[in-house]
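The same chain A turns up in both complexes below, where it pairs with chain B and then with chain C.
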Partner chain A sequence: MNVLRWWWSLVLTFALLALLRVFVPLPFANEIMIFSIYTVGCNFLLGRVGFISFGQPAYLAVGAYAAAFYFYYFGTNPYVGILIGVVAGIGVSLAVGPLFVRLRSDYFALVNLALAVIIYYFMQKVLVDITHGDNGLWFLTNLSSTPVLDLTRPDEFFVFALLVGFVVWAFYKYLDDTIYGACCLGSKINEDKLKFLGYNNYSIRLVAFVIANTTTALAGAMYAVYLGFVSPEITSPTRAADPVIVTILGGVGTLYGPIVGAIAYTGMKDVLSKVLGNWELVIGFLLVFIMLAGEKGIWGTLEPLLLKAFRRAPAPGAAGESKVGGR
Partner chain B sequence: MDIQLLTSGITFGLSLGSIFFLMTIGLSLCFGLMRVISLDQLLYYSVGGYITYSVSLLIGNLWLGVLAGMAVGGILGFAVERLVFMRIYERDITFSMITSFGILIGGVGVIKFFWGLVPRPVPVPIDSQIDILGTDIPVYRLVVVAIALLVYGGIWLFLNRTIIGKAIRAGIEDVEHVEGLGINVYRLFSITFIMAGALSGLAGGLHAPLIMVDPQMGLEVLAFAFMIVIIGGLGSIKGTLISSFLVGQVVSLGSLVYAPLAQMAPFVLMLLILLLKPTGLYGSPLLKR
Partner chain C sequence: MSGGDDILTVSALNVAYGESKALFDVNFRVGPNEIVACVGRNGAGKSTLLKCIAGFLKPASGSIMSNATSLVGIAAYAIAGMGIKYVPQDKKVFSDLTVRENLELGSYASKDYDWTQVTEYFPKLKVLMDRKAGFLSGGERQMLMIGRAILGRPKLLLVDEPTEGLAPSIVGQLREVFRDLSKGTALVIVEQNLPLVCAIANRVYALNEGRIMAELAGHESIKPENCERYL
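== the complex of A and B ==
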């Protein structure tokens, strides 16, 4: 029963996402899947560890370029490419993490942004012989088909993205239940107390940093496979705040916030840019409104309401318990 | 390196540094006094640029346009302070960072709505050039540097010689104490915000003839603004001045050595300084309130 209760929300969410495929065009659905995986790392950093990161594109680019180099120069198997992207993500976050996680939250945001800019110019100008600068690397035709899930076909890519998303979300849900997850939250809320309890603040943050950025690198590698091309645009400083915006829109620290945020953000970008021509206006003021209204975000507001509605009907046990508690 | 190139490079760096200084002084002051990161200053910078463009197109005088840009920047700053920042002074720093970023993005949308997407050129008011060490230097760039230095002097006098300025300085040290002395700190906050907005507007207006005004201009300098306040130390005016000129020179001279360096070198500089001195050059070890 407990096992079921643990899994049902995950299964339900991803079933709904699969259903989404019927209603929206395929590229849009794929974009949402990758974008939510991209954002979940930022959400974890901001909601669980209290680090606001304006530099997520840096790790996205690391994953994307690692995969792109593999496809362009070495091999053809998309799965290997994604794996290489993930490994590169782990490598880079382990290399810069020890320096970055010592910094305070606001400074952390800035050095991360600096890293994104440095990688941007590295890819655009310094390594131009390998990366072909602004033209980017095109390798769509280099990708080979695999017998089971053929990632070169968008519809099968969606199934793959769905599966990856499921695993990622199961992992983050599991993290929330562990003592480690509690420690992360502790380091956000009360650092001193955590130290007092004998935990090493630094290593908790480092592990969180590596986990989050590896997820982001995974999203980057998936972008590379899906689009079949990578250019420095992916890490451009003007897009640095995208994941933060999506995180806030969805609801900071909620498990499904990134998915809801990604749907809302991509949807608004698509629809509003056609209707209004400037969706920044809406996104910006929505952000301000959400922050002033209690920074809960879309999912953070909806979740308690939905839970309440569900609890009332099918689970009388739970409702009964809370009633007893109330008395 | 050839001396002519060097002279023009240094002048370019000085004028760029001046713009950076005017643009970030507001951010720095707001952080120092109110402990908020007010990224919306970059919106007033863009608005200042656009007002300057419109007014100078209408009247034909750039200086009036700059003044109008300053006024609008100040008014906008005041309005945003009353509507938004009043509600979030007690919150965490990250909170104000995200909220003001929302204002910036929304404001960019408003600018696109009014002025369209196309970058617009603004005529340079002073065409003449002056001969320094055998190099022709546009006088306008020197004027910009002079204005920035004047503003620095003005701010210094204001903070050290007037009673309001002294109260603001005291507030940067310890806001509760100032409140205890019977000074209305919220009025100080508003004054600081108006000043910051006006100076950001001034920066945008002065920068407009050197670049083209375009809706993204505030976002493009976002990374530089961040960097300058970090290098100088958040909250320190002297630090902001020094780091603006430092970054201006690094950008300008770096691009002479190797073009991509222009964008990257300042970030490397920032990383180094942060690793050596995590509070920036002149930042005090700040305690979060």
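== the complex of A and C ==
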């Protein structure tokens, strides 16, 4: 029964996302899918491990530039490019993670921001000969068509993004229900208590760091394939708070918060920017409101109401049915 | 009993919080299947001693040996992995996790998935399995913490103020649990409840201002009036 509920919530969510394609323009739907995958890693770090990261654009850029370099200099297959982006994400996470995860949450946030700034200037100035600086790398025409799902076609890219999203969310849902997921939450609540039991917090955090940032790099590589263009703007420090904002907007630590947050954020940006010059102001006020209203975010508030509405009869021992962290 | 047989031997242990010294030349030992109690006033250094053994505090000097292995400098999680489990005083469980998930965490760490002993000792936990630990009473939390710690049958259990703030019926239940546990696990209990200490302890160390003032051994010596002198 739990397995059915487990799968149905995922299938229903992604069926609704597929329906979104009918009601919104394709670029908007694709942007939501990529932004959701971009944010889910940040949501995992913040909601599960208790680490806020203002450096997610750094890992997005790692995935995007790794794929971009491949497309611009070496090959044409979009799937290979995405795979290279993911491998680069794992590599960079493993390189910096052992140092970063030793830090306290506040320093962790800042050191990641510093990494984003470093990568920004490397791509803009230091490696200008191969990155073309602010002009970026253009490779849309280099991408080759692929059988089954041709990622050079935006409509087929959307199907691919949906499938990737489904796998990513299934993976995070699976993680939530494992001992490792409980360890992550335990590490967030009180790391000493985990040590009493014999767990090494460092290993738990390092694995979480690699998982989260590899997901972000995957989003970066998908972004590169979708746009056929990458510039240093992708890792601009001015956009460092975007995934954190979307995470809070959707509901920190909730499974579907990143999707809801991405729809809300991208939607507001799309709609409000047409009528308001300073649309970020509205986002700012909305975040203040969410914080004051209980920090639950949109999905964090809606989820219990929806569960209550759709539950036919209260099951005995219902408290136990809510999974860890309410996800 | 020779020192080599001891589950734990603490020698000339000195611990300081910065400039402030908390333990002075503490000597302490725990034999197999023994229940050793530490009594003393608040601030005497009892909890500091347990934290130091469990690896949460680094001693300034001295040695902590467990079956010929030095515990000094070993990470707390590794000491737990060696079968020396610590149950802290604060009764803080993982409040967002259910009782079942809390026990699963203990099981996975100790590779012991048999909860028979836990549920025999604390039958109430069986009906609370799906309740979030944050909603448990103080006594239920203590049951959960001890239940989680005894998974994997540790060789030494360090328990800090287990009965603080608990109802007498639960204190009685814990007394029987500790007695039964000691058949396979040595226990160090920091406790101010002298009737409990006198009922179960094989040896009592009285601490005052960071120093061991007395060591009482045998049921003739371990009496409330003898312990009270140091409180």
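In this text, the second predicted complex is superposed on the first by the 310 of 327 C-alpha atoms of A that agree within 3 Å, B and C clash if a C-alpha of one lies under 4 Å from a C-alpha of the other, contacts with A are read in each partner's own complex, and residues count from 1 in each chain.
Keep this in mind: a contact is a pair of C-beta atoms (placed from the backbone, for glycine too) under 8 Å apart; a residue touches a chain by one contact, two chains touch by 3 or more.
Please read all numbers here as calculations on a predicted model, not as lab measurements.
Of the two partner chains placed by the overlay, neither chain B nor chain C lies in contact with A:Pro147. Look at A:Ile52: by the touch rule set out above, it reaches chain B but stays clear of chain C.
In the superposed model, A:Ala109 makes contact with chain B only, not with chain C. In the superposition on chain A, contact of A:Ile179 is made with chain C only, not with chain B.
Of the two partner chains placed by superposition, only chain C is touched by A:Ile189; chain B is not. If you count the residues of chain A touched by chain B and by chain C, you find the higher number for B. By the touch criterion defined above, A:Asn200 lies against chain C but remains apart from chain B after alignment on the C-alpha atoms of chain A. Note: no residue of chain A belongs to the chain B contact set and to the chain C contact set alike, using the contact criterion stated above. Considering their complex, residues 37, 84, 87-88, 93-95, 97-99, 101-110, 112-113, 216, 219-220, 222-223, 226-227, 230, 234, 259-260, 263-264, 267-268, 270-271, 274-275, 278 of chain B touch chain A.
Every residue of chain C that touches chain A in the complex is listed here, in rising order: 54-56, 75-78, 80-81, 85-88, 92-98, 100-101, 104-106, 108-110, 129-132, 135, 148-149.
Those residues of chain A lying in contact with chain C across their complex are 179, 182-183, 185-186, 189-190, 192-201, 317, 319-321, 324-325.
Here chain A touches chain B in the complex through residues 46, 50, 52, 99, 102-107, 109-111, 113-114, 117-118, 121-122, 124-126, 237-238, 240-241, 244-245, 248, 277-288, 291-292, 295, going by the rule given at the top.
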